[in-house]
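Before any comments, here is the structure.
In this document, chain identifiers A, B, C, D, E and F correspond to the written order of the chains, with residue numbering beginning at 1 in each.
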Amino acid sequence: MSDVRVAIVGGSGYTGGELVRLLLFHPHVQITQITSERFAGKLVAKAHPNLRGVTKLKFTSVAQLDACDVLFLCLPHGEAAKNWDRYAGLAPRVIDLSADFRLRDEAAYRFYYHNNHPRPDLLADFVYGIPELHREALRDARRVACAGCNATATILGLFPLYRAGVVLPQNTVVEVKVGSSEAGNRANEGSHHPERAGCLRSFSPTGHRHVAEINRELSVADKASVHFSATAIDMVRGAMATSHVFLNQSLTEKDIWKIYRDAYGNEPFVRIVKERDGLYRFPEPKLLAGTNYCDVGFEKDPSSDRVVVISAIDNLMKGSAGQAVQALNIMMGFEETTALAFPGLHPV
Amino acid sequence: MSDVRVAIVGGSGYTGGELVRLLLFHPHVQITQITSERFAGKLVAKAHPNLRGVTKLKFTSVAQLDACDVLFLCLPHGEAAKNWDRYAGLAPRVIDLSADFRLRDEAAYRFYYHNNHPRPDLLADFVYGIPELHREALRDARRVACAGCNATATILGLFPLYRAGVVLPQNTVVEVKVGSSEAGNRANEGSHHPERAGCLRSFSPTGHRHVAEINRELSVADKASVHFSATAIDMVRGAMATSHVFLNQSLTEKDIWKIYRDAYGNEPFVRIVKERDGLYRFPEPKLLAGTNYCDVGFEKDPSSDRVVVISAIDNLMKGSAGQAVQALNIMMGFEETTALAFPGLHPV
Amino acid sequence: MSDVRVAIVGGSGYTGGELVRLLLFHPHVQITQITSERFAGKLVAKAHPNLRGVTKLKFTSVAQLDACDVLFLCLPHGEAAKNWDRYAGLAPRVIDLSADFRLRDEAAYRFYYHNNHPRPDLLADFVYGIPELHREALRDARRVACAGCNATATILGLFPLYRAGVVLPQNTVVEVKVGSSEAGNRANEGSHHPERAGCLRSFSPTGHRHVAEINRELSVADKASVHFSATAIDMVRGAMATSHVFLNQSLTEKDIWKIYRDAYGNEPFVRIVKERDGLYRFPEPKLLAGTNYCDVGFEKDPSSDRVVVISAIDNLMKGSAGQAVQALNIMMGFEETTALAFPGLHPV
Amino acid sequence: MSDVRVAIVGGSGYTGGELVRLLLFHPHVQITQITSERFAGKLVAKAHPNLRGVTKLKFTSVAQLDACDVLFLCLPHGEAAKNWDRYAGLAPRVIDLSADFRLRDEAAYRFYYHNNHPRPDLLADFVYGIPELHREALRDARRVACAGCNATATILGLFPLYRAGVVLPQNTVVEVKVGSSEAGNRANEGSHHPERAGCLRSFSPTGHRHVAEINRELSVADKASVHFSATAIDMVRGAMATSHVFLNQSLTEKDIWKIYRDAYGNEPFVRIVKERDGLYRFPEPKLLAGTNYCDVGFEKDPSSDRVVVISAIDNLMKGSAGQAVQALNIMMGFEETTALAFPGLHPV
Amino acid sequence: MTTTVTVVECVVCGADVELDGTTLQGELIDCDDCGCELEVASVAPFTLREAPQEAEDWGQ
Amino acid sequence: MTTTVTVVECVVCGADVELDGTTLQGELIDCDDCGCELEVASVAPFTLREAPQEAEDWGQ
């Protein structure tokens, strides 16, 4: 089998850099081009110093892009849709990591993104990139829209309960804690270290954009509507959702175990993490840095009908670049875990 | 006016050390004794290196305690109640920072502390130490039970809305993020730096003990019952509650502003923090380190009846030692802000 | 005694904000104006959220500055010298926190700042702001040039040994570890949190500008010349110098104690920190956040003639704003510790 | 080729856990046993939560150890030597990660470890585990003593200059900054998070034990003797040495480049990191977490004969477990980089 | 009642340490400057020596 | 088509830098070892010089 030829657009950014790191070690992939306007002509390691000595590849500009088998788009919000025809013309398969094509509903897009979608004609063409929910569709997909990072953590945490129809679908409260790499690699006042360090910044108590995709994906049994907020903490990588769901029926912890085991028992990248003792009873994003896992745990409140679900990911892996590679593996028929085996570090 | 003579029991611990720091600069207070069994005979600065050169006081043991005007108890859970008669015999006024006398209901104590209360006869004697709710009672109090730190942040965040009767009293979800000093100064596996650093530890998704005091204090209009969880983050000082409340009537943000302004407009240590722009739109515990403020902010979800309330404190100040000094000032008729004026640092 | 009227130029910055914090609590000072071009007309608390509820002062622009008794300049490098006549015309006393007037030697300035000094005529007029070395001169000073933060830590650590003439004056190696607030409040690529967090950035292995002032101040007995490097760590406030000096004669630790006690025994803001056991045997900048202390400790290498000197400060306090207030107190004949009593926090 | 059968003694510790992580992905190795007394019978993932779902292996106790091909010892100081005969009887090849057999000189051991060596008869049998200096000897080694982590960083930074004979061999000053995982996984007062977080602890200004091995290895041209100190910072993994060497002859930066390129041009795990611009001009340990690289950079002081050398590693990788696997690969004739390809993360 | 205070030098750091008539031989006294524990080796005249210390290693 | 490759030494770090027939005078080339930008000062023979650099101060 000859290598799949892939190009990465926006390769100097955080998700793009992570894709490069992963694909350099993918046995069936050859990276043909990586774009950056700022660094065009420079070594990729100039933007991603972890890759010093690992690759001699250099950045090219978007204008120099050639045809390839699979194109990854790691661009800021809006750019993929705006130049879609140009990008789509380069490759039969496109995996987009941005938010541009995640929604199917123009009205939801307008509400959350405060704009009309530039290309509503394309919305139906994309498969949403979470394999645990859309593996079959991904096998034949030509266009993939990877999920938002906070959406990925939230959806994977809640999907089994929503699918099982055991929760009040509109009462869930989700609190996400996120690291600073979520906002990409451009410096701004808010990312200035003396201000951002040690912070607990309630940057989105309400109105977070990922709510649209979360509600869409959780509306399996009934129309879901979650109450979402997000807080930035002093962490670079990682996202963790603490979700409070309310049962519509009486369930024991054992019942809930079964629901999760049914959903994820065979999933290579979802682990149920729930222990009685020890320091790591529930998911912890620090253990997931560099890995493609989503760890999911839960606790039933003995004095109410609440279940607290804790789900954690590395936002640059399962939350974007790792998810994209997993989608690639599925689309191309590779072993699904290829290039995604790094287990993470401890202590860390 | 001659100085009030105070002694601090458990002065080598974190809340005890903070009390010493504050009271050394209190113009109407003289610290007569500070106890520690581990450090008896040693300089107080040995346990609290910030006080080097600030005081030459030495620790004594509990056995050597003399009578004084006000006794502060900064002991681990259970110790104050166990030796109550000994301590109460030393001073006409006692301010207890532990959880021993916060509840009035034996059953609630049994449920949350998994034990029968050793001295139920005393429970009615204590005034709960949050001045914003109990200032009048504190003026004449002889025994004060300071609130739990997470309880303080939660109650101060939610009390105005509960008192106004505008929320569904049993639907609130509270997520608290806490620093490592909450657990006191004894090292254990869980506080080992390589494990505790960078963590997002869901140490109490359900069943947190502070829920009992929170529900009691919020049951003003109706019986309150909050859904609570607590997550430890990589921070030493500070606690922040993100509370999701659901309105039982239609209110605008301006209406909610009024409710908070009514409650806290004249409070010296509660600030309403809610800005449209800038980096510090909502409360941030890092700005509160060393201060006695509780900052409270909120955001109304435009697409639902949810209000997200954010409240932050320094757990060792407004959450314990600062609260205790504020109570002392009220009890003794001192200016309420005495010794509590430090405004906190920025950047930090 | 009527209040001294002071104005602060560059009050939206980090050193300026710290000055505001200190002077708001100074019993003999009235702040008349605080400048910021970015925030002109806005509340000071907009730039310094720790001051919410503490002051209602607003920023003015430099153009609106009126005459006052003492003018503090907290401007980026070069600005004070460039507009000196304008600033000097406003007040009989000026305290400059920048590097513009620290050196007396034009050639040294040219070498380290890569520019000709714009106002060499003024260099002789300034007293260097470290009170432990220049207290008498400060009493009558009209112009003060506060020391660099790393210079302050280094000089206070080494001065007693250099003055005593017991070290090889050109063999000392100094390694400074610094926090991110040293670089001021403007965001740039280097201060972007995902890059700056967790870093150990060797930003100045050689050629640091503070070397000029350090060598000048240490050239008491002989011409001093230190080997200096600086590393940025994941800390907001604080600077710590680890200095390796080589003795030119045989001394015991007790001898060295005496040299330090002679130098600093009566200093209100220098503490000798050197203990045999415990966790804080040597100076730690985290304990100094918000304080005006410089803590100094040392250890004699039993197998060589080396002495390791450790000295720590808060760069925004003893390293700039605190130093400036101490100078003010000395100039104006106030108690030297006025407004500088905050002892710092523990734990922190 | 059938798999090499290895056992890991002390596998619940930090270096042991890292070895397990690496060897689970080693294509020519089979882990037969991993010991822990505390966790005997429990899943390895109980101690190393990153390995959840990655391995089903369980801990055994030392008493249950069987014969194997290669035995790794990851025990606290003193244990390997004390029970040497027992361990040596189990396997023809032993790789020891402790300090027990690093020195060859009993007197040096006594001086730095304050004890007589329990088995001086064995000291000559061990090859010191740094491949860049001892690759040939490692090929035939039966016993390997891996280097200390701080020693590894220091030696790899300085060796080229010492071997080239261009420095004053007794004037070098080395300042190491280290993370908390260096001290292993046992909690103590010093590792308590509220104290250890944010610290800059001068835990070893003089007298560090690694000095003995450093001086031995650097004594190539002349007898070397470095002036060493170590400071603990708020970091979990990583060690960085900032070394100040003094040239005994005039050299340009280009000359020094050549010396380093000669030494490391073909080394798979040493990278020369020295750039003129960008954020990562010199080595940074955070980029090395989980990797086996030692990054080395330098800067010549233009105004003196000093060269500042910066060298960084992950203490648990190149500083111990990674070094051990590299030694294994060399001993067994495997490709030297096997199981050590992880390039590290960015941002991180 | 007044006790005569005798000032003795700390053997570790040279600081002044105050002893008086009530001080006994063998008593342990902390030096406030260097924090070291000192043992009163003799009382007439007063002499101090460093008290034996347990090794402690929080260091790292 | 084959081009003759000429190896020239980087003026900053001494690494080998490859130039060929298509290299023009004034062209900017990065050294892969030290990352410095080099300017082709002349083509026959090939000589390099360090390209002028903008000062940059992320340092701190």
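Everything below uses one rule, namely that a residue touches a chain if its C-beta (ideal position, glycine included) is under 8 Å from a C-beta of that chain, and two chains touch if they have at least 3 such contacts.
The chain list, named the UniProt way, goes like this: A, B, C, D = N-acetyl-gamma-glutamyl-phosphate reductase; E, F = Lysine biosynthesis protein LysW.
Every value quoted in this text rests on a predicted model; they were computed, and no experiment measured them.
Asker: Stepping chain to touching chain, what's the minimum from subunit B to subunit E?
Answerer: The fewest touching-chain steps linking subunit B to subunit E number 1.
Asker: Shared interface numbers for subunit C and subunit D above half of all numbers used, same, or below, different?
Answerer: same
Asker: Return the distance between the CA-based centres of subunit C and subunit F, expressed in whole Å.
Answerer: Those two chain centres are 43 Å apart.
Asker: How many angstrom between the C-alpha centroids of subunit F and subunit B?
Answerer: Here subunit B and subunit F have centroids separated by 64 Å.
Asker: Let me have the rounded angstrom distance from the C-alpha centre of subunit C over to the C-alpha centre of subunit E, please.
Answerer: 37
Asker: Would you please write down the residue numbers of subunit F that are in contact with two or more other chains?
Answerer: Residue numbers touching two or more other chains: 35, 58.
Asker: Name the residues of subunit D that each touch 2 or more other chains.
Answerer: 14, 180-181, 185, 188-191, 194, 198, 201, 234, 236, 278-279, 284, 347-348
Asker: Within the complex, which stretch of subunit B touches subunit A?
Answerer: The contact residues of subunit B facing subunit A are 171, 173, 175, 177, 189-190, 194-195, 198-202, 205-207, 225, 227, 229, 231, 233-235, 238, 240, 242, 244, 279, 281-286, 297-304, 306, 308, 310, 312, 347-348.
Asker: Using the touch definition from the top, list the residues of subunit B that touch subunit C in their complex.
Answerer: 14, 17, 21, 24-25, 46, 48-54, 181, 185, 236-237, 271, 273, 278-280, 284, 287, 289-291, 293, 295, 341-348
Asker: Where on subunit D is subunit B touching in the complex?
Answerer: Touching subunit B from subunit D are residues 14, 179-181, 185-189, 191-194, 196-198, 234, 236.
Asker: Flag every residue of subunit F that touches subunit D in the complex, lowest number first.
Answerer: Checking each residue of subunit F against subunit D gives 11-15, 33-36, 53, 56, 58.
Asker: Over in the complex, which subunit A residues touch subunit F? Could you list them?
Answerer: Its residues touching subunit F are 41-43, 46, 56.
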